[in-house]
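Below are structures written as structure tokens.
The same chain A turns up in both complexes below, where it pairs with chain B and then with chain C.
Moving on to the complex of A and B:
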């Protein structure tokens, strides 16, 4: 019996460097649930003083810091090694003692954290030895990092700063491999392959990493092709839809993006971009197509990577999208331009002008214009060439996405390793506790404050389990459990209408509210009821009777939707429709929905559905009920 | 009504055939088409039902379900603008893959795990928990009040205030101040010794930095001892396959790593050694 430990680490608050841990035996859907209490604080690390860049004294201090962190980790992990090698007897919840092998399987952290813990440079990939200048190319064929070798290496060359040939060579190797002195804190763990500890993370790699760059590129691209206005128009015209929040600002005006907003951006970006790049002229067709392909493949990749269960087929799709992204990303290359390259390009242009001015001094005025145009074209071409050869899409998130595939084969789906869960634990276990302290000896107070909460919660969870298992509990316990249960699970297969409006009583009122005459509504209602409703629930066929029936106008429809790739969990989506009235004093809301307008084989792949806007949500009660 | 393939003029009577055609011929096409809003979960369930019987059921291989490429086709004459934006709605994305691939076959790691004894106090502990669910707090009221204090983050002074003002009925509650409450809470968790905090100090120039940690092994003992997780715990790796025989990679125990590091009971042999 081996037992995996899965560690979460998160550093944020200046004063706390917590290390969380959880176990892989508890399935991710359960352990990542906020109420499950399965992600628990393992330690609070000391925070070494922050140092300014490069001075000799600081270099020493930095080494000391690295050693300190390493020592602390060594102390914390010490019990793991014996348990991983020989197994440790552990009392299990089922009443038996099992021999458990505790093996660390992953370490979830953002990139900078990984840099510190693995002792690499910030432009190096923690998983493979990709050269900093090749980050943008497709990694994957690079050798996996062998941290043990680095350590040996450093051992053999202790005087890296000296001027000998060996030291210079060692420095060079360190440089190309992107390792720093001071070693990996995970060094020496039994049965652990260090490059495997790094876990891909959707939030930091994709949403806050690649998407951030993509946003800038798109901005640049739109500017170059003068489509910014079109993009903003499409952006602002996004319709409301349940579960999707409509951007309030123009795309260009948004200065700060959060993870959630990035996710929404991923949902609508391609559509908006497609609209903005409509009707290209002859020179634009190629670049537009390429840009759209690039954006699309990145988005598709993101979507696929989020699947909670993957098969070789889905993984191959994911890989295909990644390849496509790599093939087309050069369209955005010119927007990765650095200041230095820009200067060079300007210089080149100036140089060309000077040269030309010397060469042709006497040109007949009739030809002057044509020549000037030719010159400008030549200048642009040369400038572009320079920019393309000088700039690169080299940043560390790119090799990271190429490791997604192997990670799925090794460790299963990707979303379960998100740093978000660490953030959540961070709030509950550290920040809430911090607020309660008197800020003197805060750490101790944080720890004890959370243990109290934890004890109560754990007791409730255990009692809940006993109740589920059918144990004989006193009634007061059962009552209490019913009350404290966070959210009663909503009955499935139901749609709820909420938000009753007062002044609507019958079909005539309804018609007035929606600005449709009763003469139009009634026949439509009757037709609908005849075609789609079961016989016992049909409306009276006589319009006169129909007009007298009571009508309720509502503003919100709650729809239960099966959560993303889950089997028993539902999300509630709220389709809102306020008619002409304002929603929360903002503009009125008439959400978009898909309606079944034909058979499965109609409208091609839309399978008989068409999008539509809600005008009113209403309910007609027939007189008998 | 026959469907015309938007790429190659072929016509199809049945959705299944059209889909197969799309999948084979247009494999490099793009936008994942949000099929439908399956608003009613009831629908969802019927879909799941058909999944098992019909491998061509559209939602199952949602990712291979493609629509014409509005990107390549920037003229986009057939699609009007709002249509294109709608196509990437998040919910439709969510909905189209609502079939958690059900493992049709699975393959357990042979002979994983070895129980080497019984926990003596286990039955007694379960019984205690049933009989005296709030121990060491005397009554349900006491527990409720305590958990309200703690979860609502009432401060120490206010808790003391509450008792000293005489609003409280302290006889039924069982504690009279924050101090006594803390003592009770300390014993609320029978396994709390496992979560003992250890502390250390790091000397750094002029200042000493404290740090705190728990014993990892005890920490794991604590979690595994909680019966709340008992039925969810996974003990051994497993390979799962879907209907078409494709391996499913989802939770960690269904992927390769665990399979590789799994250690057989001593009575057999060790499979893996680094």
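Moving on to the complex of A and C:
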């Protein structure tokens, strides 16, 4: 994997272009875990200077840069070719030496990186030969890229400027398939299927690709229908949730949208948009319905794509959502209008007004308003017609999502190939190393710094493995391992109440703290006691005695929830319930929780679960509850 | 809270809507063992919420 990253901002704008390597035999849960040492820094590539697009000298320099990058990759891949063709002897953990064939099976990178390395144009898909003008369509599957054919053309027609038929054909192929001749760094690799090197990536394709566009479309849509304020209000009223940070700013005030913000947007966009678009007038019903369907299908597709375990059923759902997105995305077409189309639409409007001014006779005042409205409607209709004929939703991230299905069938789930793990590696392997350098010949210092760290960590991992296997290790090594080992996690409780509140002694105090009268609490306590408690532990049913029962009021409930599609991994969710009291000097907090209230066939889609707001968390002491 | 439309998913936005109960009992006491996790409800009005199923993969998978 490779990914350019900034080392400094506003002080020289230093960059690094690291190349990492990992092996597919390691399970993805271990490989992608920080500290597992499974991602190895292979080298730092030279970063060419940015060049302007127009100048001929710059064009030449760009070709020289591409040749340099290709040369560097040739050096990096040289040992791999021999190992892929004839195999290489490798020491295994079982003590034997195995002959292994090291074959490159994937290259994890963002789109622009793939463009550079695969030698294609920025509006071309690295996997298929979709035409640039059909990027937004869903007209079946396009032919997979045949990089071997491109290479053959390149060898057969070294001079594209010649007038031969073959040269013309090669020129046409390059143009229609978006190929940059001689810039593919993967050319010549043994046993490598080049179209399969590209891996779909949630971060760059969905969050920083499609969501970025979707955000702009929604802004335009809300503005058109005067719903921006409603959206902002719903956005700011979002409640808290584990892993979801409540937005502090209004939606329109957020200026920096990075991966984290985009993920947050994806989490809550549908709910917020639904609230913002409620109560439409008669003209808004259809567009609102279509916009919500489009957003919903894209978000559902995103959720499905995050599954770490896929079945044919989930894949068919994904396909269905993708189709629905393509069918409804034209609702946002008018917000992808180019400057030229906007100018044409303005010109058309002006022309219509001029024409009317020349033709119009004097109109009685009673008809003026009706005629003005008709004219405006006609202008809008013609403008929209022009916009729809001239605009399109064509960008390269759209065909990339159509490859998700094939990728899952061939290589497994999507998240395990995420570029996010490369970004995590940047911090540990590049940025920390950069801070330790004196900034002179920094690349060498970064590489040697991480090599040392890697060697020590690998040694520790090996020693830990030997200790677990019962090997006889020296005492000082065992002591060191004990020191460096992380503290054991505390024993897991399924539910735990915390945050005891003072000055609450009995049911009357409880009612006062929660702003509920004892007349309401007592009958409910009796009902609960009768239905849920064993006969020997039931509460007294005399209200006078009930009111004096000793009570503890608490403010936090820790719930242990099994992590989704994991075994033995738990998330702790903390439900807060402060009653009328302030939480951290802000408003009171009474979270909503799921209650298991029945079997799976109850409560429709909620399947036996009912949401409820916590009013109080309390215990009745002295052996009653 | 009570379910709107018997807990069916909306055709348009695909979310379940809940609202404050209009029955006489304003509170219900339950055992903490029946609480299975946090819910994310987006306020629609003061007495009506959308059950947000896209907040995490578990909720998304559970509600359909």
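Everything that follows uses one rule, which is that the second predicted complex is superposed on the first by the 443 of 625 C-alpha atoms of A that agree within 3 Å, B and C clash if a C-alpha of one lies under 4 Å from a C-alpha of the other, contacts with A are read in each partner's own complex, and residues count from 1 in each chain.
Here is the rule we use: contacts are C-beta pairs under 8 Å (C-beta built on N, C-alpha and C of every residue); 3 or more make two chains touch, one makes a residue touch a chain.
All values derive from a computational prediction rather than experimental measurement.
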Which partner reaches more residues of chain A (counting touched residues only), chain B or chain C: B
Partner chain in contact with A:561 - chain B first, chain C second, else both or neither: both
A:615 touches, of chain B and chain C: first, second, both or neither? second
First, second, both or neither for A:149, with chain B first and chain C second: neither
Chain B versus chain C as contact partner of A:91, first or second or both or neither: first
First, second, both or neither for A:607, with chain B first and chain C second: both
Partner chain(s) touched by A:520 [first = chain B, second = chain C, both, neither]: second
Touched partner set for A:594, first chain B, second chain C, both or neither: both
Partner chain(s) touched by A:497 [first = chain B, second = chain C, both, neither]: second
Contacts of A:528 with chain B and chain C, given as first, second, both or neither: second
Common interface positions of chain A, toward chain B and toward chain C: 234, 237-239, 241-244, 267-268, 270-272, 274-275, 278, 288-289, 292-293, 296, 299-300, 303, 307, 495, 559, 561, 564-565, 573, 592-594, 596, 604-607, 609, 611
Residues of chain C defined as touching chain A within the complex: 1, 3, 5-9, 12-16, 18, 25-44, 49-52, 54-58, 60-64
List of chain A residues in touch with chain C within their complex: 234, 237-239, 241-244, 266-268, 270-275, 278, 288-289, 292-293, 296, 299-300, 303, 306-307, 494-495, 497, 516, 520-521, 524-525, 527-528, 532, 557, 559, 561, 564-565, 573, 575, 591-597, 603-607, 609-613, 615, 617
